[in-house]
Structures are given as structure tokens and as C-alpha cells.
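Next up: some structures, all given as C-alpha cells.
Same chain, two partners: chain A is paired with chain B first, then with chain C.
And now, the complex of A and B:
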């Protein structure tokens, strides 16, 4: 039996969060001992260390653990000295460890429809079988998708922990902003009650400070990537969302993005040109998290490079401690998934122009109506620029229907269009 | 069967709508007919150019209809923030179906006081939209009168459903469904007169007819085409004693205050009615279902959901747990709006009915 199979059996036969914590500790040590030169960027090593350390903290101190949804205001969680972890990312990590097929099969036995998003199904099952420590509470927002409330509510009930839910309005006028602002204020009060602590204004200010620093560094990274010579593979920058999904508002998140920024700046100044891909691609939505060679094939064999990812867009303004709740509300409401699709299309237009994009790929995750439903309008927008658009239907978590050869053939066809 | 052909309703009087959270009272008060979009053919010809196939077939039917010019001439269309797919459907219609006046009605997922306040504000926007397409200011008194008509309509529907539960063999599903379809496409003033007379006649007849015991089925779910499903259940030997479908049993669970500020009253009553799967209190629906199962002496529950409707697909496991605890058998059927493979569904329902005997 391979090591991977043994790990899987250990996790599924006798689920125990402590075992996972020890496993993460082992990976952390192994990463720490790996020379930085083995990573594409020195910052990439730092990235792995921070991510594993954060995950270990989450398992080691369940009394501080909070499950959050992808665009939840994690700054608020950090202000209470708690440890947020995005459940969507957890599902992605489970997929990368090849655990998803068994997790998803588990939900099917529990009558959960196979058409429901596999991210949600995977983490519901992780919670159901006891692979996670019970958190202090669960925090979710409405705008990512319909499934977020449904699945977070299920996790909250499975783990008997309170759900704090922010109902993001569709519109962004004054009354809508007030509606969300009030909810954020109430959320802070709910957290105070659950944790039996009082929110320290200075800690909130620190969380805002680090969030703004991370935002500023990410903005600079995106700007540097507009450079004619590609300085970073998309395969390395797509995982950034694991950081801003959990570590915005924390010192480590800010420091990591700054490290990336500094290293990319240095590369730019030194005229670094190791990436051979010439055709510049914008990647929309997420990527498959299970082991696959899709991105590597695009970037290392086909001669294209992903120079921008929608998921790494900085769509919000700086947080302002003078009006903290409204500021957090506006951050949520400026997300390109809130409201109509125009915001998302405008963001795509801006990126195509700023990053000199030659072609656009949208990965249509099967269970995501929010994103897939807009593909026609995205295609219309991309073709305004006379550049090719490729929609790849697939699943980010469920590898059971993944057929690599078919994807690679479609990518080859797309590449031909790019080169015309 | 009743003759409810709607040829007498001119298109320019119709404001199309899709979801029972559409505040029909305002459309009615503005002098239009709230006209529910009901897909009338299983064919989908043009929609693939606009929406992917993992969006629910009800919305795909709507886009297909619009692409075939089927909504041309309507005074307006209301699309609600019912789900992710509805938002994208609105985007597609707005971009590609020019000439159609569309109002997007946001609905909070919460139902507390701030949510009611926000929803009142949304309804204010809806009033502006209606005034824009009618060219006439909407009077509060007209809204209050409309609220009265709708309250009466819901009370009558509630009586009708109780009668159906009492005499399911005689009040077969098809004629009832025809009435429900007409009720969301014709003026409520007219439907109220009809229902009053109909209920009176039914009561007289029923007292003499009595009923025999059959397998009593309650149907729970969303926007699925009930005509096909209900007829299959009856063909298999069951009787429908109740349902909580969007335009069935969940359509008439609320009454709106007739005094005070009409928009606030409407916001309050719509947000606090028996909830849809999208609401934060969606599990309250299970209480309503459990209560209906007892009241209507149902032997089993068929849970139907449109494929790709996240808000309802996810609810079945939780509802099933409740039903299992009470020893009530249930069957889960996921389907397109027009179900494919009628034979397979019939076989599953026959098997289910055997189980509840």
C-alpha cells in the first residue's frame, strides 16, 4: 500500500483532527528543511510555510478556530485574535491530497445531490466525518453563491456551533450599504457574546493596517505583472487566494505579499526572462485543485503564460478605521460577484487592457451557476477585443469526470487561435 | 375542466413574473395583470446560446421564450434575486433581449427588522418602475385595496387546499392545477368571485359524495411542473392531499396588514411567510411540512426539485432526517421542468406507494 493510500485510510477509518495536525507539522518541517532554491521563487517557500503554519495553528488551537467563507471579512476575525480558515480552500486542499472522491461519495450516500457544488459537498463531509476541530463559530457571506449559506448552515448544525451570516444585498445604494453595515456591527457583537470578550479597537485597527498593507502589495504585484516580460507563472499565483481568503488582516498575509512584490520587482529590475511563454492569458474563476497538469501544460509546453487571474483582482478600496463597519461593508459590496454581471465584465475589460492580454480562459466549475451563468456575456466582452476565449467545463474538486487528454486537445486548439 | 383561456388579456397589460416572492399586489395596484410565466412546451431551441445546461430548466425555458420573442409586447417583466441563476438570467435578458422592460427585485435572505426595512426600500424602487411603465403615479389607497384582494385570494386558496385534502379523489389534481395556473394569470378580483362560488359548490357536492381510502401523498418542492408529476402519482394509485410548491401550498401562507404603510406591510408579510429554500429560516418550511402532513393525514412525502436548484436540492437530506424520525416515508425526485423518462418516474412512484401501503 502506497504512503498516500495509508494516509487516506488513516484519515477515513479513524478520523481525528489531531492526526491531521501532526501530518501538517510533518509537512511544515519538511518544507522548512527544503532549500529555498528548490522553489521557483524564494517567496514560494515562505508561502508554503505560512500556509502550513496557519493550518497547524487552526488544528492546534480549536478554541480559536473559525470557519469562514471565501469573501468573508476575515479582518474582523483577526481583530478578535482568532484563526479564520476558508472552508472552500480546505476542500481545495482535500482535492489536492486526492481525498475528494471518497468525500464526495460520502455525501452522495447522505442524499446530497451530485449537482450541488463539490467544494461545498467536500467540506460538509469533512465536517460530518469528524476530520475538523469544532470551531468557535462559523462566518459566511451571501454573495459568493447560494450554496454558501446552505452549506455553512449545515456545517454549523453538524458541529453545533453558531453561524454568523452576512446577507449581502444585490444593490449598492445608501440603504443597501446601511443594511450590510448594521449586520457587520451586529456580527461583532455576536462574536463578543460567543467568545465572551470585547472587541479591542486597537486590534481592529491593526487588522485593518495589515489588510491595507496586503492590499497595497497585491496591487503592486498585479501592476508589476503588467510588465512585458512575464515574471511569475499563473500556477504559482492562483493559490494566492488561500492567503487572502484567510490571512488578510494578519501580519503574515501582509508580509508574504510584500515578499512576493519585492522579489518580482527585483526580477523586473534585473531583466529576468526565464519564462518562455509569449502569449499572455487571463484566467477567470478557479482552477482544478486535484493533481493535474493543465496549467503546467499551458505555461510550460504550449508557450502561453497566465499573467493575470480574476481571483487575485483587488476590487476594494483601503479599509478606513474611522468608519470600520461601513468600510468592511463596502469591501464586500465592491466584490465583482455582488450584484449584476457588469462589475465582473468591467474588471475583465480593465485587466485585458492593463495586462495586454492575448486570450482569456474561463474554467466553468460544474456546480457554480454564479460564474457559469455569465459565460455568454463574458465571451461577448472578450470578443469585443478581437481575442480568443476558451470556456473549459469541469470541476475544481471532483476528479472523477476529469479527462486530461480532452482538455489538452482543447488547449492546443486555443493556442493555435492565439498564434494566428 | 374550466375555461380560463387568457386570450382576453392584452400583452400590454401583462407584467410577467417567475417567483412567488414577486410582490404582485403592486403590479395589480398599478393597473397591470401579474402574469406568471409558465413554460408551455418542453422544447428548448435557442437557450443554449445564452445559458449553460447546468442552469435550472425553468430559467432556461424563460430565456428560450424571450429569445423566440415570446415576451414581446409585455408591459414589463420582474425577475427576483431568487438564486445565482436568476441573477445571470437577468443579465442575459437585459443584454440580449432589447425592448423588454425588466425590474430586478432583490430579496433579503434574512427576515428581521433591518431586512424588512431594506426590502421596503426595494419595493419603493419597484413602485418607481411600475410608475415608469404605466406613466401614472401609484396611489397608496390602490395598493391597500389590492392587498385586500390578495388577502382574500389567499384565504380562499387555503380553503380550497383544505377541501382537496378532505376529498382528494374527487378534487383531482389536474383541475386544481388549472385553477392555480389561472389564479396567477388572471385578475384576482375575478378569481376571488370564481373561488367563492366553486368552494360553495364543492362543499355541497362533497357532503353527499364521501371518499374512499387511498395512498395519500404530500408533495414538497419548488418550481417543478406539477401537472406531470401529480398525474403520474395519481396514475400510480396515489392521491395528492397537499403540497408546498412555490405556486402551490407556499403561495398563500401569508396575510398582509391592511392598515399602516403598505410597502412596509408587504415587505413584512412576504419576508415572514413560509420560507423558500433560499431564506435563512428555510428550515421553518420543514415545520410547516410536518404540520401539513399531520393535518392532511398524508401517508408519505414526495420531494421534487428542479435539477441544479441548489436552494432546494440541499434541503432534502435535512427534511428526510425529520421525516425518518417520525416514520414518514419519502421519495426524492430530481428532474427538469418537463420531466424526461415518465416511465422511470412512474416505476419509482409505484415502488414508493407500495412502501407506504
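And now, the complex of A and C:
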């Protein structure tokens, strides 16, 4: 039996968060011992180390663990000295470890509809079978996805832990900002009650400081990537969301993005030109997380390179400690998933122009109405620029509906359009 | 099926020997059938259609052997070979592989320069391609990752109805009415057909209903790319006049069907092969 099969059997037959923590510790050690030269960038090694270390911390100190939804204000969690982890990203990590088919099959036994988003189904099952330590509480927002409330309620109930929920309004007006500001204040009070601590203003200020540093570095990274020569594969930058989904507001998140920024700057100054792809692609929405070669195929065999990802857009302004709750509320409200599709389309337009995009690929995740519901309008927006648009229908987590040859034909056809 | 103007003869010198002409080939290795078109300069001289079977690499080898047998050529006589289709990367002797999207666009455009939209319904997928004035693909849509609206769908239904697949088109055309088939899924549609037979619905009306079902899938794709006549239907399913008629009715425009729609992808591949060499001259 292969090591991977043994790990799988251990996870499903005797789920034990302590064993998982030891496993993560082993991977962490192995990564630490791997020479940095084996990674495309030195920052990429740092990325893995930070991610594994964060995951280990999450398992090692369950009294500090908090489950969060992807766009939740994690700065607030860090201000309490707690350890947030996005459940959507955990589902993605499970998919990358080839665990999703078994997890999803488990949810089917529990009457969860197969039409429901596989990210949600996977993390509900992860929580149900006891792969995770029981957290202090569960924090979710109503955006980007209307399923989040239901799924996080389910996780909260399964683990008998309180759900702190922020009801993100649809429209971004003054009333909406005030409504969300009030909720954030209440959320902080709820956390104080649950943790029996008091929010330390200095710690909140520090979380804002690190969040702003990370934001600033990410902005610079995006700007450097406008460079005529591609400096980074999209395959390496798409996973950034695992960091900003959990470590925005933490020293490690800020330091990591700054390291990426510095290395990319150096590459730019030195005229580094090892990425051969000539056609510049904007990638919209997420990517399949299970083992596959889609991105590698585009970037290393077809001669295109992903120079910008929608998911790594910096859409919010700096956080302001003088009005912390309103500042966090505004950050949430500025998200391009909140409200109508216009914000998303404007962001796409800006990126096409700033990054000199030759073609756009949208990955329509099965069951994600937020992403695939707007494909027609996105296509119309992209074609305004006279550049090709490819919509890939698929599932980011469930590899059972994945047929690689079908995708490769679509990608090659897209490439032929780019080269026409 | 073989259609060869250039027959093998012991005395006929090969093109390499005479140096008089250049030979190009396009091979479309699909999930159900494999087609090959051979050009002498830019003129088609031979086309062959055979079943792919379970191994696309072997299918490509068998096809090449059959072509050499029929024409008297050897592999070295071919100046350039382009493969396309599902198994395009498996042929060891290919000089280049190109997607069936570009090949169908190129092949259809060669047959009629005015064609602006190509609908290709193959064994396991269907696609709609917008064709530019120079014969290049401008945009495309492929079906979802299931067999609805493909040749495989028809195969399964023909088996359930116990009719020959080749007869289905004529039967559908003769039917006065159609029975609605609700299921998109091939497996569910098969059981729906079995139920309809058991309920006593005439076979011809069920078959016409199946043609309508395929057409409704494909018409949605045509509109997504943008309906721009003239349209050409290619691929094996184009031989089914029931599907052609159902598509024409739904689209409100006539559809051109080439004399041998199944070889259009291979023809396009052969033409791209000839252009490849011309570009290098």
C-alpha cells in the first residue's frame, strides 16, 4: 500500500486531529529540509512553511482555533490572538490530497444534495467525521456565497460551537455600511464573551498594521506583474488566497507577501526572462484543487502565462484604526462579490487594461451561482476588448467529473484563438 | 470506407521518386471513428474512414497502413502529417497535432469559403465553431462533459429501439409527429425511450423526438457562439437527415451538409499540413 493510501486510510478509519498534527509536523520538517533552490522562488518555500506551520498551530492549539469563511475579517480573529483557518481552503487542501471523492461520498450518505457546492460539502464532512479539532467558535459572512450561512450553521451545530455571523448587505450605501459596522462591533463583543477576554486595542492596531502591510505588498506584486516579461507563474500565485484567507492581519502573512514582492522586483530589475509564455492570460474565479495539470499545461506547454488572477485582486482600502469597525465594514463591502456583477466587471476591465491581457479564462465551479451566473456578462465584457474568452465548466474539488482530455482540447482551442 | 483516386500500382513511381508533387495527410482520430484524408499538393486524392476501437494509437497506425496499402505510398512519401481529434497526440508519426476546432473550421471553409458557422457532432462531443473570413476559428463552444447531443447518444438509442443507426434519419423524417424526450442524460433518456415503447408510442415518433432532443442541445450552443449563416454541419451525425431537419427547423435557416461530412476534420488537418509546408518554403 502506498504512503498516500495509508494516510488516507488513517484519516478515514481512525480520524484523529493529533495524528494529523503530527503528519503536518512531518511535512513541515521535510519542507524545511528541502533546499530553497528546489522551489521556483525562495518565497515559495517560505509560503509552504508558513502554511504548514499555520495548519500545525491550528491543530496544536484547538483552544485558539477558529473556523472562518473565505472573506471573513480575519484581522479581528488575530486581534484576539486566535488562529483562523478558512474552511473553504481546508476543503481545497483536502482535494489536493486526493481526499475529496471519499469526503463527498460521505456527504451523499448524509443527504446533502450533489448540486450543493463541493467546497461546502467537503468541509462539512471534514467537520462531521472528526478530522478537525473543535474550534473556539465559527465566524462567517454572508458573502460571497449564499450557502455559507447554512454550511457554517451545520458545522457550528456538528461541533457544538457558537456561530458568529455577519450579514453582509447587498447594496453598498451608507445605511449598509452602518448596519455592518454595528454587526462587527457586536461580533467583537460576542468573541469577548466566548473567549472570556477583552479585545486589546493595541492588538487590533497591530492586526490592522500587518493587514495593511500585506495589502500594500500584494498591490505591488500585482503592479510588478504588469511587467512586459512574466515574472511568476499563475500556478504559483493562485494559491495566495490560502494565505490572505487566513493570515491577513498576522505578521507571517505580511512578511510572506513582502518576500514575494522583493524577489519579483529583483527579477524585474535583473531582466529575468525564464518564463517563455508569450500570451498573457487573466484567470477568473478559482482553479481545480485536486491533482491535475491544467495550469501547468497552459503555462509550460501551450506558451501562455497567467499574469493576473481575479482572486488576488486588492479591492479594499487601507484599514484605519481610528474607525476600526467601519473600516472593516468598508473592506467587506468593497469586495467585488458583494452586490451586483458591475464591480466584478469593472475589476475585470481594469485588469485587462493594466496587465495587457491577451485572453481570459473563467473557471465556472459547479454549484457556484456567484461565479457562473454572470458568465454571459463577463464574456460580453471581455469581447469588448476583442480578445478571446474561454469558460471552463468544472468542479474545483470533485475530481470525479473531471476529464482531462476534454479540458486540454478546450485549452488548445483557446490557444489557437490567441495565436490567430 | 475508402475513397481513393490514387490506386496502388507496382509501376507507379512514388511522389518522392518523381519529385512532381507533395503529399500531405490529415488524420482525425475520434472516439468512435478515425478518418484520413490525403492531399496531392492541395487536391484530395484519398479518404478513408475506419473504427477507432479501443486504442487510438493503434488506430492511427492501422489507418496509416491502410492508406499506404491503398495508395502505394510509404510513410516517407508524406511531406507533412497533421493529426487531430481526441487521439491526436497518440500517433507517433505525426508532425503536428491541431485541435479538431481549427481543423473543422479549416475543412468546412475549404469546401465553402462563405461558411461562418460550423456545427460538428461527433461520437463523444459536439461543438459549434465560428469561422472567420480566412477559414480560422474565431470562437467555439463545446458541449458539457456528457454524451447528450452526440453520436454516442444516438448509438445508445438505436440499440434501445432495435433499429439500425443509419435508418434513424429516414424514419424520423417520415414521422408526422414527435414524442417529447425530456431526459438530457443518455442513460435516463434510454430508460425513457424504453418506457415510451412500453406505453405504445410509435417508434418513428420516438425517433423524431430523439432528433429534436439532440437539436435542442446543439441550438443552445449555436446561439451562445452567435448564429451567423451560412452554417455547415460536419461529423458522422450530419449523415442523419432527421437531425439536420430538426436543427434547420429550430434555427430557422438551412444547413449545408458536405458530401462526406465525416472527413471534414481530417480534410482540415490535411490542409493545415499543406499550409505548414508552404509556410516553411
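Keep in mind that, in the parts below, the second predicted complex is superposed on the first by the 420 of 420 C-alpha atoms of A that agree within 3 Å, B and C clash if a C-alpha of one lies under 4 Å from a C-alpha of the other, contacts with A are read in each partner's own complex, and residues count from 1 in each chain.
We take it that a contact is a pair of C-beta atoms (placed from the backbone, for glycine too) under 8 Å apart; a residue touches a chain by one contact, two chains touch by 3 or more.
Everything numeric here is computed off the predicted structure, so don't read it as measured data.
With both structures placed on the common chain, the touch criterion links A:385 to neither chain B nor chain C. Contact with neither chain B nor chain C is seen for A:12 once the two complexes are overlaid on the shared chain.
Of the two partner chains, neither chain B nor chain C is touched by A:39. Of the two partner chains placed by the overlay, only chain C lies in contact with A:420; chain B stays clear of it.
When the two structures are aligned on the shared chain, A:410 is found in touch with chain C, with no touch to chain B.
Shared-chain residue A:209: touches no atom of chain B or chain C.
When the two complexes are overlaid on their common chain A, residue A:401 makes contact with chain C while staying clear of chain B.
Which of chain B and chain C touches more residues of chain A: that partner is B. The intersection of chain A residues touching chain B with those touching chain C, taken from the two complexes, comprises 393. Here chain A touches chain C in the complex through residues 388, 393-394, 401, 403, 405-406, 409-410, 412-413, 416-417, 420, going by the rule given at the top. Contact residues of chain C toward chain A in the complex are 86, 98-102, 125, 132, 136-140, 142, 144-145.
In the complex of the two chains, the chain B residues touching chain A come out as 49-52, 54-55, 81, 83-85, 87-92, 94-95, 104, 106, 108-110, 114-115, 117-118, 121-122, 277-278, 280, 305, 307-308, 310-311, 313-318, 320, 332, 334. Looking at the complex, you find that chain A touches chain B at residues 110-113, 115-117, 142, 145-147, 149-151, 153-154, 157, 165, 167, 169-171, 175-176, 179, 182-183, 340-342, 364, 366-370, 372-377, 380, 393.
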